[in-house]
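One chain, subunit A, appears in both complexes that follow, with subunit B as partner in the first and subunit C in the second.
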Partner chain A sequence: MNTAAVKELLYKIADDQLILGHRNSEWTGLGPLLEEDIAFSSMAQDKIGHSLTFYELLHEMGEENPDKIAFLRKSRDFKNCQLVELPNTDYAFSLIRHFLYDTAELQRMKLLANSEIDMIRERAAKVKGELVYHTMHANTWLKKLGNGTEESIEKMQVALDQLMPYALGMFEPSVYEEELVKNKIFAGEKILQDLWWNDVRKIINSTKLVLKDISDYPVVFGGRTGEHTNHLQVLLEEMSEVINIDPNAEW
Partner chain B sequence: MKSYSETEVLNLLKKVMDPEIPVLSLVDLGVITKIEFFKDKGVTVFMRPTFIGCPALHQMKQDIETRLYGEGFDQVDVKIVHTPAWTSDEISEEGRIALKKYGYAPPPKNALIEDIDILENVPCPYCDGINTELKSPFGPTLCRSLHYCRDCREAFQQIKPLS
Partner chain C sequence: MKDSLDPRIKPLERENYLSKSSPDQLHTYEVFVQPKEGKPYEHVGIVHAADLEMAFVFAKELFSRRNSCVGMWVVKTSDVWVTEYTEGEDNIFSHFEKNVDGGEIEYEVFLLPKRGKQHRHVSRVKTKSPDAAIGLLYHKDSSLKGYNVWVCESEKFFKSNQEIKQIWDTLPDKGFRDALAYKAGDKLKNFLKK
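Take a look at the complex of A and B:
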C-alpha cells in the first residue's frame, strides 16, 4: 500500500467535509425557514463528524491529531476542492452547491465502501448511510425550487451556471490516481465523475433548469494541490480563532 | 466492592439514558458493544456513535463514568469504537416500545434506505395511522426526522432509519 496515496485521498475527502461543514453552519440562525435552518445546521454537524472520522484514520497513520489537522494548517496545506470554500451568497447558491457536492460525496462513499483497505471501507459504509439524508434533502429542494416560480427557477439557474465549473473541480485527478485504482483502494475520479453526472442529470432533467453538455463548462482545478481562493484563508482564520488564542482551551 | 459480570454491568447501564431521549437507555439504543474488566476494580466500556457527528457522545461517556464510579469501580474507561457500526436495527424491542410510548416513531426494521419513500407515511406513534407526511429529514437531533399526522393532526418525530 502506498501510504502517501492513501493519505492524499483521505485528506481531500476530510478537508471537503470540514470546509463545507463550516459553510453549512453559517446558515445556523439565518435559514430562510426554521426547517431549513435545522437542516443546514444538522448537515454541518454530520459533515464535521465525517471529517473527524477520516482525520482519525490519518492520525492512526502518523499524521497530527484531528484538532491540529483541522485548525492549525495553512490554506495551502488543504486539499479541498474550491467548490466547498466559496462563501455563501443566497440560499439558491448554497442549495445548488449542496446538491452538486453531496451527489458526488454519496457516490464517492459508495465506491470507497468497496475499498480494499478495511478501515476506509468501514468508515465509508457508515458515512454513506448518513449521506442518504443529505441527498434526499438536496433532491427535494432541487425539484421544488427548480419547478417553482419564475424567480426560484432563475435563482437556481444562476447558481447552477456559476457553480458547475467549480463542481467539476471536485474530480481533479490525483498524481496517485493509477496507484489507487490498481490497488483497488478507490475506483478513481473519472469513474466517480461519470456516476455523478448521471445522477445530476437525472435530477436536473426533472426540473425546468437547463444543463449544458458537460464539455461546454470550464473546469476550475487547483484545490486538490493546495491552490485556493482567498476565501479559504479567511474562513480558516475564523475557524481557528479560539485555538490560536489558547491552544489548550477546552470547551 | 462486589465483583460484577458483564451482564450485571449492562444492567447498570440500562439506567443510563440517552441524554436527548430520556426514556431510552444506552443499552437499548444499542451503542454499547462490549464490556471488559481489568485489575480489581477497572472496567472498559466500548461504545459506538449512532450518527458519527452526534454531539451527545461526550455526555454519554460522562454519564457512564458517573454511574460506574458510583458502583465502586475505581477506573472506568469509555472507548469510542466505529466497528461494528451502529444501525437503527440495533435498537432493542424494549427500546422501540419505550420510544413509541414517548411519542417517537421507532425506525422501520431492515430498511433499505435508498429513497425518500422510506420517510413518507411513517406510522403515527399516537394513532397508528399512516396518513402522515414527512416535514423534514432533519430534526432537533441528527437521529430524528419531523413528521405530521393528517389523521390526528399531531406533529411527531421519528428515529431515522440508518443502515
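Take a look at the complex of A and C:
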C-alpha cells in the first residue's frame, strides 16, 4: 500500500469537511427560520465531526494530532477543493453548495465503504448514515425553492450557475489516482463524478432550475494541490484565532 | 369541558388585530418518535414547516439530536382528529360506542394514558371513520383507558423507512451534545486548584 496516496486521499476528504463545516456554521443564529437554523448548524457540526474521524486516522498513520492538523496548518497545506472555501453570500448560495457537495460526499462514502482498507471502510460506513440525512435536507430545499416563486427560482439558478465550475473542481484527479484504483482503496474521481452527476441531474430535473451539458461548464481546479482563493486564509485565521493565543493550552 | 388556556388553541381576543388574516406561511406538524425498537411511537412536540417532507427534515434535528431514536413519524396538525379531554375516573373510551364495523381507511390511533404524559401510539386499525376507529379498538380491548385520543389516517403521515433509519445510527456516539459531557465544572475546579 502506498501510504502517501492514502494520506493524500484522507487529507482532501477531511479538509473539505472541516472547511465546509466551518463555512456552514457561520449561519448559526442567522438561519432563515429557527428550525432551519438548528438543522443547518447541526449538520455543520456533523461535518466537523466527520473531519475529526479522518484526521484521527491520519494521526494513527503518523501525522500530527487532529487539533494541530485542523488549526495550525498554512492554507497551501490544505487539500480542500475551492468550492468549500468560498464565502457565504445568500442562503441560496449555501443551499446549492450544500446540495452539490453533499451529493458527492454521500457517493464518495458509499465508494469508500467498499475500500480494501478496513479503517477507511468502517469510518466511511459510519459517516454515510449522517450524509443520508444531509442529502435529504438538501434535496428537500432544492425541490421547494427550485419550484417556488420566481424570486426563489432566480436566486437558486444564479447560485447554481456560479457554483457549478467549482463543484466540478471537487473531482480534480490526484497524482495517485491509478494507484488508489488499482489497489481498490478508492474507485476514483472519474467514477465518483459520474455517480454525482446522475444524482444532481435527477434532483435538478425535478425543479424549474436549468442545467447545462456538463462539458459546457468551465472547471476550477487547484484546491487539491494547495492552490486556494484568498478566502481560505481569512477563514483559517478566524478559525484558529483562539488556539493561536496559546497552542498548547488544554481545552 | 374547560376552555383551553393554550394561546395556540384559543388566541387572546384583541380589537383591531393588525396581523394579516393568515399570520404565518407555515403550518404546524405533530412529531412522533420511536425511542427504541419495539417501543410505541410517542408524541414529542410540534414543528413549523412549509410541507410534510420539510417538517420531517426539521423534526429530525429538533427532536432527535440528543435522545435515542430509531424512527420518526410526522403529520400535519390539521389532519389529526382529536377527542375531548376527560378527567379523573372518566374513561375517554366510554364516550364511544363499541363497534365491529369494517371499512377501508387505515388509521393510526394515539392515546393519552395519563395526564401530564405524551400521546402514545396504541394501534393501527382499518375502519370507516375516526370515531369508529376508537369504538373498534374499545370493542377489541375493553381494558383500554385514557383521557384523550388522537386518530389520523395512516397515509397522511411521513414515516421514516429502513433506508432513512441509518440517519440515527451515530446518535449513541453523540454524547458530546449533552451539556454534562463538557465537564465544565471539573475543568474549572482543576484550573482553580492550579
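The definition used in the following text is that the second predicted complex is superposed on the first by the 249 of 251 C-alpha atoms of A that agree within 3 Å, B and C clash if a C-alpha of one lies under 4 Å from a C-alpha of the other, contacts with A are read in each partner's own complex, and residues count from 1 in each chain.
Keep in mind that, in the parts below, a contact is a pair of C-beta atoms (placed from the backbone, for glycine too) under 8 Å apart; a residue touches a chain by one contact, two chains touch by 3 or more.
Values in this document were obtained by computation on a predicted structure and should not be read as measured data.
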| item | value |
| --- | --- |
| When subunit B and subunit C are modelled together on subunit A, clash or fit | clash |
| Contacts of A:63 with subunit B and subunit C, given as first, second, both or neither | neither |
| Residues of subunit A touched, compared between subunit B and subunit C (which is higher) | B |
| First, second, both or neither for A:227, with subunit B first and subunit C second | neither |
| First, second, both or neither for A:144, with subunit B first and subunit C second | second |
| First, second, both or neither for A:177, with subunit B first and subunit C second | neither |
| Subunit B versus subunit C as contact partner of A:199, first or second or both or neither | neither |
| First, second, both or neither for A:161, with subunit B first and subunit C second | neither |
| Touched partner set for A:26, first subunit B, second subunit C, both or neither | neither |
| Candidates 9-17, 99-107, 117-125 or 135-143 of subunit C: the single one with C-alpha clashes against subunit B | 117-125 |
| Residues of subunit A that lie at the interface with subunit B and also at the interface with subunit C | 35, 38-39, 42-43, 126, 129-130, 132-133, 136-137, 140 |
| In the complex, subunit B residues that touch subunit A | 49, 51-55, 82-83, 85, 87, 113-116, 119, 135-140, 142, 146, 160, 162-163 |
| Parts of subunit A lying in touch with subunit C, wherever the complex brings them together | 33-36, 38-39, 42-43, 126, 128-130, 132-133, 136-137, 140-141, 144 |
| In the complex with subunit A, residue positions of subunit C that touch it | 26, 47-51, 53-54, 57-58, 60-62, 65, 163-164, 166-170 |
| Residue ranges of subunit A in contact with subunit B within the complex | 35, 38-39, 41-43, 45-50, 52-53, 122-123, 125-127, 129-130, 132-133, 136-137, 139-140 |
